[in-house]
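Have a look at these structures, which come just after this line.
Each of the two complexes below includes chain A, the first together with chain B, the second together with chain C.
Here is the complex of A and B:
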């Protein structure tokens, strides 16, 4: 066991049923096969969660896993992963988050902290340099995430500032779209990870360790970091550039079908200025941002409405920018919202694009102030804003069709754009009361309650609501919505991300995007599309195994040297091609987990509306459509999974090698 | 370990990444809003001069070598 390789070499397994702790040593070979982060998480879940476990029962395992590169001196590698069997999809579940929690896990001496069993009464885990202990959290049960952090800081005194991950009321009462919050409202929101935490009566994980994290070649890491920082520092937009130009940029991007590979550092300059909000308005004109439960376009939410989401206007509330641990871009911000919430909340994290779109154009809501309030409500309540917005959009479309009336909605008028009703509904969903009790479990469950005829209006992939990026603009995005073992994710891959990251400069078999290449070919299930989507899936696993940030990846791997970082941290000297094999193995393990749980991968196909069936009749994506079934097949094929079923082939499993994991039941000849 | 020298941050080189703050075993260094650049970012500051025992972890951790013990 070598502890100078960026990782700690062990995990902590906490049994909440009998309040015992077990340190499990992880052999070097496991890291070489799966890295850390999501890979280590998948390894532990596959090995220790029994087949058929109830996601909300004692057999499920919830893990908090740091990245292999976190704490090594590398930049943009401060993200942690929550992993569990998902109550939303019934398969592998994960969500990742920034802030300051990821290094704190390793500073306690562990690469991951895992929980099995269920506590009888609310508890929290506290770890400092003396070791772990479970503390009574009964007094915290019922508090929102911000209040919980404040209360814990009053209760516990430690030498080091506490790093706290907690659930809010949504996770406590088992809303299926609950997330886990750290740093006062940053959310690991997807897959229902907060629901699983609530099922275990685990209110919070509180870390105050200060152990050193060692790596093989720290000087090399520093050299790579300084080179990247220099590029980021010099990437700035001219001062005269304002949010007013963003809709024009969107129009220009949709104006041509030809690929124009641009340096990813442009995205970094944009992120430094606005954060993810840059695409609040740009996405409207290019067709990326969904409108009216994915059935509308910018024609339904025109400039006079979407102009309220101009990131310059949002930044008028911004009192400071902040970085996650080890980040040199700094897309985060804190906003003063006293005036727009009538003094109810002093501030909120700057609303991310996903939240602005999910509660803006998706619901035809132009009331920016309501979005500030909703953002804080969801962060405090511990609920996924993407899932919540999609679910309310579904309800509004049902209301429009007359399938819902005010008798059912407890008097709420769910007319498109009714900000008052939306805010009330969000509060109800978090509390699990009123009509919110029907929507609190996400769009698939809501549609099951409302009846089979509502299913076509329920926008999800395998039970998970999709992110706010439209596959009709970028069909490769749709492949990942439908084929990833955690479906509905907007961060796995897209044709645009592929072009930005320029991975062909490192991975010899990755196809190069050429200037002037016809983007319309991405609407066909070609080998080129299958190969690109396979590359996306693999590199994203490497990123999530390292604790890396998506925005570093799209700044370009020619700048963000993740392969060099990994070699310097571990001393492995692997080639980028060899790392891609690790990424493929990680993704295949996640898929195998799903197969073992009896999931038919084809059932993760996203709602047909998202592949243009029927096609939109107006707007930038008018008439765009593609064959999702064919696209899924070509992706499976390049992943080494059966083209028809999505089940990993025996040959692929044997070629990849899965150490001590039993893979017999998850393949066929 | 006690060292009379304390960390001094060179903001011209600092990237506001928070590694020093995250690695400080006593949380003497905190991130605080400043006007160092036009983005009004939170930068690290030595919040508690007397609590700091000069362990040098912040200086060793900083990839930018922006912290000197003085």
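Here is the complex of A and C:
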């Protein structure tokens, strides 16, 4: 086994039921088939989670997996993945996060740390160079994520700064939309990964290893990194450019129906200045940002309201910018919020666009200060802001229709835009009390409790709530909301991401976006759309197998040379086309996991409101609609899955090859 | 000579071929790209343009193969 290939060649399996540890060696061929990160995670889950396992039972496995490129000297590759069988969707669950946790996994000598079984009392895993040990965490149970990190730093003395991943109260009482936090509130939020951690009574994973991470050709990696960093460094906005221009940019982008070539590198200048918050106002005018539980538009949340989300106003609170490990963009920031929370919380991470939209326009809430507070509440409580915002939007629409009254809502007036009620409800959801106890498990469960007539108002795909980007603007986004084995996520693929990536310069079969192409063609289930969505799905798996950052990918693969990075790290001499086959295999394995668990892929279709049924009557997306069933079919077809059912075909499974995994249960003639 | 253009959405796209290439006279300057793309005068102060990932002045002389990028925001988060 060669340990100079960017990966460690082994994982740690922790059995929480009997407090034992097992190091499992992973053959090189597994990395060549699935990379690391989400691919290695899918391999382990498929192999070791028994069919039909209860997501919240001892048979489920929760993994923390580093990326193949993490720690090799490559830039923008410091993300870690949490993987498990999702209690939210019943299928493959994963979430990823930046910060400093990903290299710490490898510095302990493992590509991934996996947990099976369930502890009797709260525990935390601690690993340093001497090895792993389980420590009593009873005293930490009940603390929020920030307080937990602080307490652990008091309890444990190590030679290096501890890397800590932890759950908050939401995960402890097994809210189905709980995430895992690291670095003081950065969240791997999706799929209910924090719920599974809570079910195992695993409060925290604490890493302090300092082992070296080796790769095959570090000099080539340094050269690629230097070239990328040089371009990012020189991409800057002039000081006179303010947030006031962002709504104009949004209008200009929606004004043309023609595709234009895009240089994603220059867009990093915007990320450096504002982080993801630039979309707060730009998304309103271009129609990307959902409004009023996805049934409204900028007409319902006009300039006089959305101007409060101008990222310049959020930046005024920013006291410090920060970068994730190996990042050269640095979109993160810390904000001083003492004055907007009456001193309750001194600071919070700069709210991401997703949180601002989910608790702003989606709820018709123009109170920016409330969003700072909610951001910190969710980070500390360990709850997914996308799912929480969508679920409250559902409740507000039910309230508007008179299906809910204050007897049911614990006295809360859920009128659109009532910031006080929203803040109270968030606290209830995190604590699992009051009306929050009904909403804490996400919109699908809430709808099941409130009655069948509320289902059309429950915006989700396969049980998971969608990110804050509207498929009526970009239908390929809807394909990924509905077809990804972990549905509802906005970072898998979209027509716009495809245009930014310029992947056709590397992958010979990827269709080129030509100047002047009619963008309205993306509303039809054509072969071109199917091929683009397939490319998106495959490259995203490669990214998540490598620990790569989404924003590096959309800065353009002509700049972020992920295929060259992988060859330099591993010594493989694979072509981009061969890597895309790996991506296809990873995605197919995740889909096979779902099929084996009895999931009908067609049931992951997102709420019809998101495909324009009925169409919006006003705003930038007025009248836009498409046939989601047809779109899903064409995506399945190009993935090598049955066009009608979404089940991977026998031919596809045989062609791809899955090493020692047993695939008979999912084959389809 | 040919240069690669990543234009803003409001540009005159007819000046470009389907790969976004623009043919210019040898020795042309960046200002001539603005003219050919018909960037409105009123928007010119708001337009952010780099040549080979460096900010340059409008009178910068271009050479064959230069990459001229106008800023466009990406989505996600």
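Following the convention adopted for this analysis, the second predicted complex is superposed on the first by the 669 of 669 C-alpha atoms of A that agree within 3 Å, B and C clash if a C-alpha of one lies under 4 Å from a C-alpha of the other, contacts with A are read in each partner's own complex, and residues count from 1 in each chain.
Throughout what follows, a residue touches a chain if its C-beta (ideal position, glycine included) is under 8 Å from a C-beta of that chain, and two chains touch if they have at least 3 such contacts.
Every value quoted in this text rests on a predicted model; they were computed, and no experiment measured them.
Q: Please determine whether it is chain B or chain C that touches the greater number of chain A residues.
A: With both complexes superposed on chain A, more residues of chain A are touched by C.
Q: Return first, second, both or neither, reflecting whether A:139 touches chain B, chain C, both chains, or no partner chain.
A: A:139 contacts neither chain B nor chain C.
Q: Does the superposition put A:659 against chain B (first), chain C (second), both, or neither?
A: neither
Q: After superposition on the shared chain, which partner residues are touched by A:221: those of chain B (first), chain C (second), both, or neither?
A: Touch partner of A:221: chain B, not chain C.
Q: Once chain A of both complexes is superposed, is A:159 in touch with chain B (first), chain C (second), both, or neither?
A: A:159 contacts chain B only, not chain C.
Q: Under the stated touch criterion, which partner chain does A:272 make contact with: chain B (first), chain C (second), both, or neither?
A: A:272 contacts chain B only, not chain C.
Q: Thinking of the overlay built on chain A, is A:229 touched by chain B (first), by chain C (second), by both, or by neither?
A: The answer is first: A:229 touches chain B but not chain C.
Q: I'd like to know which partner A:326 touches here: chain B for first, chain C for second, both or neither.
A: Touch partner of A:326: chain B, not chain C.
Q: Can you tell me which positions in chain A touch chain C when the two form their complex?
A: Result: residues 230-231, 234-238, 241, 245-246, 248-249, 252-253, 255-256, 258, 260-267, 269-271, 275-276, 278-279, 282-283, 288, 352-354, 468-469, 490-491, 494, 496-497, 500, 512, 514-516, 550-551, 554-555 of chain A touch chain C.
Q: Looking at the complex, which residues from chain A come into contact with chain B?
A: 71, 73-75, 78, 100, 103-104, 107, 159-161, 210, 212, 221-222, 225-226, 229, 232-233, 272-273, 318-328, 330
Q: Within their complex, state which residues of chain B touch chain A.
A: It is residues 15-19, 22-27, 30-31, 33, 39-42, 57, 61, 63-65 of chain B that touch chain A.
Q: What residues on chain C touch chain A, complex-wise?
A: 5-11, 13, 16-20, 46, 48, 50, 53-55, 67, 69-77
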